[in-house]
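Shared between the two complexes below is subunit A, which pairs with subunit B and subunit C, respectively.
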Partner chain A sequence: MSYSATIREAHRQLLDELEEKGLYKEERYILGPQKADIEVEYPAGAAPAEVINFCANNYLGLSSHPAVIEAAHEGLRSHGYGMSSVRFICGTQDIHRTLEHKLTEFLGTEDTILFPSCMDANAGVFEAVLGPEDVMIADRLVHASIIDGMRLCSAMRDTYKHSDMKHLEQKLEEHQDKRVRLIITDGVFSMDGDLAKMDEIVALAKKYDAMVFSDESHSSGFIGKTGRGVHEHCGVMGEIDIITTTLGKGLGGASGGCVSGRKEIVELCRQKARPYLFSNTVAPVIVSGAIKVLDLISTNTERRDKLEWNTNYWREGLTRLGFDLKPGESPIVPVMLYNAKLAQDVARELYHEGIYVVGFFFPVVPQAAARIRTQLSADHDQEHLDKGLAAFAKIGEKYEILGLGKQEIIERYGK
Partner chain B sequence: MTTTTPRTITVEIPACLELPADDEQVLRTTLETIITLVSGGCGGAERHLGHLHENDWQVNWGLTWIARARRGTVYEEATGASKQEVLAQLDRLTGLHEVEGTP
Partner chain C sequence: MDEQKQVILDYVINEYLEEDDDQEIDLDTELISGGIVDSFSMVSLKRFLEKKYAIQIPDADATPEAFDSVNKISALVDRFKNA
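So, the complex of A and B:
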């Protein structure tokens, strides 16, 4: 069937609607590696601007680390560019096994299996492990990839109000007739930067005979005293049945993901998870880089500690200036602006001040909860943070929002 | 008289009769059920069933309630044995779509 004029027009209308609603996403072109200081061309064709990046998931600053790059080069030399195969046919090299072992040790689990991305890991794990007699009970703010994975699974789907342990308990009681109950949560929630109450979730899981799944993508490498994740932070290492995480954020920033957890669950993924069975193996260059990342952070918490210092400094600075922040301890620091247009305007003006941030608004976040989501990196030095704070101060003053709370901002700018 | 032409029965519901949507649904379903049960092997259903069985599918079929919810581009659907069941299920399923979420 050809791409008819009618269908083309219908698609064009959909795209135009997105633009009218202010939901059209525009790419910005970064002219070089990912770091705190970057050069950006935006809009396309504009003169490049030097800006400080406060919206990357480059939490440990390893996206362009020389040792990681060197390891990736070595991986290309020793193991080639691509495997042209899925894992189970002829796509597994010794370095894949090495990386899986290192992730197992780092996360404190029994076994690990790599996926091309954590999106793929989340898409494949539930269907591989659960059936129609089971139930998945997910926090309502879990990542989109988890929602997609749940939809691919034949088990019943249910939810609990965000981080509401009473509601979770009610759901666990309700589903005692199911064969398996799987509690599903993010470790760190990407929208608000808050941490899951992992110790309470594990306690409920034990009480009601349930398994626990946690997506640690926004925590692996830097949450917890040695950066193992929210499970370490909450003192429940070894008690999470399924962990998924990405190699595309703190752990190098390239791509790749994994399922890590109980041996039999990982084995089931190896036998049945469709994204594993039908998608190309993680490229040798990525695997080699990720191995180096784990070597760098497994015995040294310097970057993790610096990130923690940066996060505290940034939070304290913004709070002192009078910005309304979502409380939390992760390096995701949402600056609440509530009004969608305000969030877009402030983000745009900050960009002109040399600070690269992105505004989020409904339907990405709840109605009347628009924000600028800032993200810290171990690559930020105090100088970067001070420049960022100065820019936020200037723009905050311009829009007269310093010292204002939610009601006051909404009164001034609307919902 | 035998015929291979499909036929339709139309029943006019008087304007003065306030027929709630649920009752109308029950009437429609009752008639459809009768036709399904008396049609037996004709109408093509048995052919499809045979084809599925030939390919080793285990098949269960029956009448069910269905509920659908749509908001913007998001769509959810639930099936079940009663109206109460499907709406409760739909309520559960839509819980994951409070927001699109951030990457």
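So, the complex of A and C:
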């Protein structure tokens, strides 16, 4: 079937509707590597502007670290550009094995398998491990990639209210007739920035004979005293049966992901997970860079500690100014604005003040829960944070939202 | 209110509203399109209805539209009770 004028027009109308509702997303063009200070062309064709980035997942500031870049170059020289193969045919190099071993040690598990992304890891793991006699019980705010992965799996699906341990317990009791009960959570929730109550989840898992899955993408490298993740932070290292995480955020920021956990579960992924079987292997350049990242952070918590300091300073600063923040302790600090257009307008004005943030709105977050999700990096110095706070203060005053809570902002700007 | 609708309303409130939620739900409140129940969490509602009323709701009929209010859900239950 060709792309007819009728279908093209229908698609055009859908896009126009998004724009009218203030839900249209625009790309900005970054003219160089990712770091705290970046040069951006926005809109397309505009003169480049120097801005401070407060919306990258570059938590440890390693996305453009010279040692990581050099290691990636060395990987290109020693192991080539691409493998032109999936892993199990002829796409596995010695460096893939090295990286999997290093991830296993870092995360405190029994084994690890790489995937082209954590999106792929989440898409593949449930289907590979569970069947129709099993049940997946997921926190209602898990990442979209987990929801997609759950949809691909033949096990029964259920959900519990976000971080509500009583509701989770009720679900675990309800599903005692299933073969396997798998509790599914993010470690750090990507839109709200709060941490899963991993110790309570593990306790419930033991009480009700359930397994635990955690996506640690927004925690690997910097949550916990030595940055191992939420399981370290909550004192339950070694108790999580399946961990997925990404190499595309704190751990270098390029791409790649993994499933890490019980030996047999990882092996099942190696034998059956569709993204592993049918998608190209992680490129040698990425693997080499990621190995260097793990070497840099495995015995040195300097970056992780600086990130923690930055997070506290930023959160205290925004709170003092009177912004409505989601409570939490991760370097994801959502500034709640509730109205999608308000979030976009504030983000645009902050950009003109030299602060690069993006408004988040439906369907990325629930309706009437729009926000600007600020994210801290170890690449931020106090000077960056102070400039950011000054800009937020100026724009917050302009829009008269300082000191206002949810109801007041919604009254003023609507849902 | 008829008993069936009350049972469904009570389930929706307990299953989908947070403790500190000030949202008020009546028989015509838009549940899915209003963002109170997401389509992914709808599965537990379908299972509850099937168990409670000893019915089978085919997946093709368990649509977001059919589940979008307590009244609509009750009508769906009646349809399959009488099938």
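What we mean here is this: the second predicted complex is superposed on the first by the 415 of 415 C-alpha atoms of A that agree within 3 Å, B and C clash if a C-alpha of one lies under 4 Å from a C-alpha of the other, contacts with A are read in each partner's own complex, and residues count from 1 in each chain.
Methods note: a contact is a pair of C-beta atoms (placed from the backbone, for glycine too) under 8 Å apart; a residue touches a chain by one contact, two chains touch by 3 or more.
These numbers were taken from a predicted model, which means no experiment stands behind them.
Aligning the shared subunit A places subunit B and subunit C in steric conflict. By the touch criterion defined above, A:Ala368 reaches subunit C but does not reach subunit B. When the two complexes are overlaid on their common chain A, residue A:Ser190 makes contact with subunit B while staying clear of subunit C.
Contacts of A:Thr159 after superposition: both subunit B and subunit C are touched.
Applying the stated contact rule after C-alpha superposition, one finds that A:His143 touches subunit B and leaves subunit C untouched. In the superposed model, A:Phe360 lies in contact with subunit B only, and not with subunit C.
Shared-chain residue A:Ala10: touches no atom of subunit B or subunit C.
For subunit A, the partner with contacts to more residues, out of subunit B and subunit C, is B.
The interface of subunit A with subunit B overlaps its interface with subunit C at residues 140, 147, 150, 157-159, 362, 366. Within the complex, the subunit B residues that touch subunit A are 72, 92-93, 95-103. By the touch criterion stated above, subunit A contacts subunit C in their complex at residues 140, 147, 150-151, 156-159, 161-162, 164, 362, 366-368. The touching residues of subunit A, when paired with subunit B in their complex, are 138, 140-144, 147, 150, 157-159, 190-191, 360, 362-366, 373. Per the touch definition, subunit C reaches subunit A in the complex via residues 16, 18, 34-35, 38, 40-41, 43-44, 47.
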